[in-house]
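Once you've had a glance at the structure underneath, I'll fire off some questions.
Chains here go by letter, A, B, C and D, matching the order in which they are written, and residues are numbered from 1 within each.
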Amino acid sequence: MNVNSTVTESLQSAAATLLSEGKVGVVIGYGRDAGASISHPMFIRKPEDAERLVFDDCCFGNLAVYLPRDKVRSMGKIGIVVKGCDLRAINVLLREHVVKRDDLVLIGVPCTGQGDPLLHKCSVCEQHNPEGCDMVVGDPVEQPAIDATQRYKDAASLDDKSLEERWAFWSGQLSKCIRCYACRNVCPLCYCKRCITEKTIPQWIDTSAHLRGNVAWNVARAFHLTGRCVGCGECERACPMDIPLGAINQKMAQLMDEWYGFHSGLSPDEKAPFTTFKVDDPETGIL
Amino acid sequence: MITLTIDGQQVEVEPGKTILDAAKSLGKVIPTLCYHPAVPAAGACRICVVEVVAGDRPGLVPACAYPAKEGMDIQTQSDRVMQSRRMTLQLLLARSPGAEVIQDMARDHGITENPFPERAKQTGDKSEKCIMCGLCVRLCQQIIGASAICFDGRGPDRKVSTPYNNQSDVCLGCGACAFVCPTGAIDPADYSPSPIEKIPNEFNCGLDSRTPIHIPFPQAVPNKPLIDRDNCIRFKTGGCGACETICPAGAINYDMEDEFVEEEVGAIIAATGYEIMDPSIYEEYGYGRYPDVVTSLEFERMVSASGPTNGELTRPSNGEPPKTIVFLQCIGSRREVNGKPYCSNICCMYTAKHAILYKHKVHDGQAFVFFMDVRAAGKNYDQFVRRVVKEQIATYVRGRVSKVFARGDKLIVRGADTLSGTQVEIAADMVVLAAALVPSSGIRELSQKLRVGFDEHGFLLEAHPKLRPVDTNTAGVFLAGCCHSPKDIPESVAQAGAAASKALGLVCHTRLSREPTIGIVDESSCNGCFECEGVCAYGAISAKELKDKKGNTLATVANINQGLCQGCGACAATCRSKSIEVQGYRDDQLFAAINAINR
Amino acid sequence: MIQKAKNETTDPSEWQPRIVAFLCNWCSYAGADLAGMSRLAYPAAIKIVRVPCSGRVDPMFVIKSFEQGADLVLVSGCHPGDCHYTSGNYHARRKLLAFRELMTFFGIDPRRFKISWVSAAEGAKWSNLVKEITDEVKALGPFETYSEILTGETGP
Amino acid sequence: MRSTNVDEQTLYTAQAGWLKSAVDILQGAGVDVMAPVETEPGVVELATVKSSEAVTLDYQNVRLPLKRLFFPITEVVLEFKSQPEGDVDVQSEPLVSETEVVVLGARPCGVAALEALDKVFHWDYDDVRYSARRARTTLISFACTRPDAQCFCTSVGGSPHNTTQSDVLVYLEENGQALMQVCSDKGAKFIEQLRDVVKPAPAGTQPPAPPEVKEKFDPAKAKAWLDEHFESDFWTEVALKCLGCGACSYLCPTCHCFDIVDEANWQAGQRRRNWDCCSHPMFTRHASGHNPRPDQASRCRQRIMHKFKYFPERFGQVACVGCGRCVRACCVGQNLVSILTDIESKAKGGDKADVASTLN
């Protein structure tokens, strides 16, 4: 674990100031318990508790997942610690009217990447320095050049396989799914009051953890995130059965990129690919 | 205002007006030659001289250029004036013996002899018309702004020409010089390096030409002239503006722009009519190659009293009346390959009419009609065609024509007479093609705007071929006439009347009825992400705040306007939480339908 | 009588594919209707589900159809630009093509999911299209990839 | 929680290669053998094996809890089919096959969890499917040698060498030999089948001492606090961080909530029993829309209360075996242990302890 002490210190003082000045009701950040393997989400509501905040290279969680929650919103204006990647999720939430920008104070943290070795999403991250935040704690970090060919490498490695091989792979992976919905619940963009899998009139998706239900669920999940997923990778991290959900999201992000030049979450003003169209959109394979 | 007296009558004119203007306001005619109301006067030809008797320095002054002054007393017909005018005419006559307008004026002024030697004795050119008034030069310089023509040479050699006698691109080829020339002396082709392009008269199928400012066709509504911006000198170069100067009503306004007019309406009737297809794709008929092969629409204009020849039927090739005429039916219609498979519906009847019109114009002419079948299924229609056949107004030949080709100045029409089983050849002066009707160009764009379907030929689709032939599948949009299918006038009028009734029936109610199949939102599960709003083509989705009894906002959810929603269901497919259902196409209904494959 | 006619046209020994077709009300359904009115025959393997617009089709309908035993799913709408609802087919185009890629990525045979544009005037196109896709699905055989998972046997 | 006296049991020694023989012998006897198999890199699950080659012994624990063998993730309860005359044919067969199953290599904690499950599934009525699966299965546990930092079996009365509900507890030895402790008649039968490779241990042989697992909290103290704190801000605080993802419950060897669903079309269908989770809002939501556990706080409370208050009150034991799966699975760094230690420190410090500071 490598605590970034400069960022941590300015983060603590910024949070303390925001809270003592009453500009926010809560600061959502990261804390670390002794002996814990990850830094966990933390809700700071008193200025004196701000010293418990930390920023290190194990701040995996995407704190944006807490923004749609009633309990969190009832605390007042929310100060939230955001890495560049988290900001993309917040942009989607803003775009989809889940939160209002005025209700947020975005505390940006420059981030050179999480995990050791570096997470894949961090190795292709182009948002080391979050932009459009209300404040940025710590000095800007160098944004390394990104090898764009690596961005979709997990999807690409599966794309290289034959149809039969892919089905063999995915039917094996999806058979494992126990339908705990951890993937959904950790996703900052799966904020539906009633998930499609919970809709019973009619029943869209079989809730049983057999392959039929699992395929339907995972197809629906992937499709509902198409053009929205910002690639934070929380679903894959949360999956207790280690299903490579990130590869599916990558595949759809790659499509949106190739077809529409769209990258989700770069701005709150963008239009989601499935809410707009161009007359000359790609049209291959239509009879 | 200035008050003056002309021939004993008092008149008031605005300052800056000329004596000619003052005379005009009294209805007095003073002859002019070098004067044009749009061109600043020069007083060059001296034909308009009048005598100032009092109120200013007495003497002869040119009325076109001399300003009216307070207290002037003018004589326009005094001996001194007439003497001067006669001498002017004699001089002009000597110089320009070919000018008919001068000859006429001279005759009107009782001139029988000319004491002045004819210039033609030196030049040998008795056809000289130019009187060197310079109106054309002034016009080209001061009005058109092109300065493409000027005076050239001195003394007897002086003439109107181009600078340095070289034709130049500065000439726009507008032809205004020829238009204003009082004596008809100018052929603009002498000055323009490029051919003078006439503007074809669209209504007459381009058979004659029109001016840039024109009334589109007789009985146009409104029956007012319009300016064709693409051809108007004013819009092309910023020059001219003559029409504005001349128009007594001050109706010309060059600043007027085409504008989009937005009207909120309750119903739309599509009545965009038809065009006829270009028969030149069928080379065997020679349309476009032989001037005497014309379409039925061109023939219609040719025999019209308001047409290019004022109703006189002549061969376009040589102006002679066509003694033999052949009408060919079903050109492009009822043709599966390289044509339109449908019947154009109106050709049988108008061809019979054309045969009658032809006989009216050319009493001793002979008309032939090549036909496939005669389809005359309207009231009194068949009797009409029978009459043409029985009275031998036209000879009907059942069969197709394989070729039309020229031999001498005749067109040989070679075809089959399938009733006698023989090949026939007719040496015709004129061939008239009854080309197929097609929908107006732009119908596809229109159909997309109106959200109305169209068939493979572009005709708009009715809601039901038998039960709703006037409606379309889009509520509030109705069809009339040939945008729907080829129709004759009574049918079009009937459909238009039906469409109007339908439209009135729709808008005369205070409440609208709508289809029940519209979207509804489950407010308990709606996330309020408004992705549905993005896909709604009707702007039917808006935000609705759900409040508790105290007025606190609990949630903001989507709300579908029941009047605007058309029930397409794009929102339902987009909604991730499945909070929108389309009534009649609910998810459970569709799932039940999918389930039916197991039955 | 009807029963008899059925027996005559269907050889019970021959496997008959199940095709679910989602047709938009204004173009493709009308096109299929026109095929009928024009007496253009096409295979009876196709079962039509009428929807107001191709934009109404949630891609999960396709999965639902496979779950019910469809060997092929077709979604057909108006040609681009001709949508009765202006833009429904444009939205459908984006969604359905992306969905097909997703299917393909999972290894679910994309030949089992067809998209077409058939206008109200294209009765003949409809008839030919159904013939073609029926022939194709007959050549592909039953959708075993999916029928294997239909039984819903135990999970992990 | 050791319910049996070690002295009464018999210890056996198994010679090297006993595992291969065991698989072969059981296979020969028509028994379905399940054993730890590395299903993907770093992941070991119990799976049916045909030979011992597929078996791995290098594992800390299997990923999915043992309960799935008796209480499957999804199982058919009954099937129904419409008949031509409009009747519905209901078929509650087939039940569970009678094929004997021997599980080689379950961990003691997972097996011990069956004690809690047995009580639930035999409680007010006998769950026939669960019972049938239990009856046909012989559980040969492998003593735990590698407890990790997340393990806490000792805190809930367990041990790496817990014999509870095991038929045989096997102490693997480095040289391929093993010491076997028979715990039940089924275990004795298993030893009898392996008589060629297993011999009674010399007198005085003692099982090895279990590896150390740190005790992290005391369930009794926790219960005392829980008894008094159904209503407490503590639950709100716990729930703040909890995403309600359910991974902890699904991986828990003692969690046994289930959902009954009908999956049907017009022609036929199945009624199924599926794992469910009290952390999910849908779990308690009524058809009316009313939800007696309307927020994550009440759901988090239920999970803790059930394991450490209601279950002990009803069945005399906590519904936790300390396997540590929930600790490893939680992606927001919150889990039973952190909550229970917080509760314990609150119990010590009284109600006035600063909730936020202890939790966050």
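Things to note:
Simple rule for what comes next: a contact is a pair of C-beta atoms (placed from the backbone, for glycine too) under 8 Å apart; a residue touches a chain by one contact, two chains touch by 3 or more.
Since this is a predicted model, take the numbers as computed values, not measurements.
Looking at which of A-D and A-B shares more C-beta pairs in contact, the answer is the pair A-D. Of all chains displayed, C has the C-alpha centre closest to the centre of the whole protein C-alpha set. Between chain C and chain D the centroid-to-centroid distance comes to 46 Å (mean Cα coordinates, whole Å). Taking each chain's centre as the average of its CA atoms, chain A and chain D sit 32 Å apart.
Mean C-alpha position of chain A lies 64 Å from that of chain B.
Averaging C-alpha coordinates per chain places the centre of chain A 36 Å away from that of chain C. Contact with two or more other chains is made by residues 178, 196, 204, 206, 208-210, 213, 241, 274 of chain A. Contacts with at least two other chains are made by residues 524, 535, 574, 587, 591, 595, 598 of chain B.
Contacts with at least two other chains are made by residues 64, 68, 81, 87, 91, 95, 152, 154-156 of chain C. Those residues of chain A that touch chain C in the complex are listed here as 155, 158-159, 163-171, 175-178, 196, 204-206, 208-216, 218-220, 222-223, 226-227, 241, 248, 251-252, 255-256, 259, 273-274, 277-279, 281-287. Touching chain A in their complex are the following residues of chain B: 524-531, 533-535, 556, 574, 576-579, 587-588, 591. Chain D meets chain A in the complex at residues 40, 43, 63-64, 73-74, 149, 236, 239-241, 243-247, 249-251, 259, 261, 263, 272, 274-275, 277, 280, 282, 295-297, 329, 331-334, 338, 356-357, 360. Residues 31, 33, 35-46, 49, 52, 60-61, 65, 70-72, 178-182, 184-186, 198, 203, 206-210, 213, 234, 237-238, 240-242 of chain A are the ones that touch chain D when the two sit in their complex. The residues of chain B lying in touch with chain C in their complex are 447-448, 451, 453-456, 461, 473-474, 517, 535, 537-538, 566-570, 572-574, 582, 585, 587, 590-591, 593-598.
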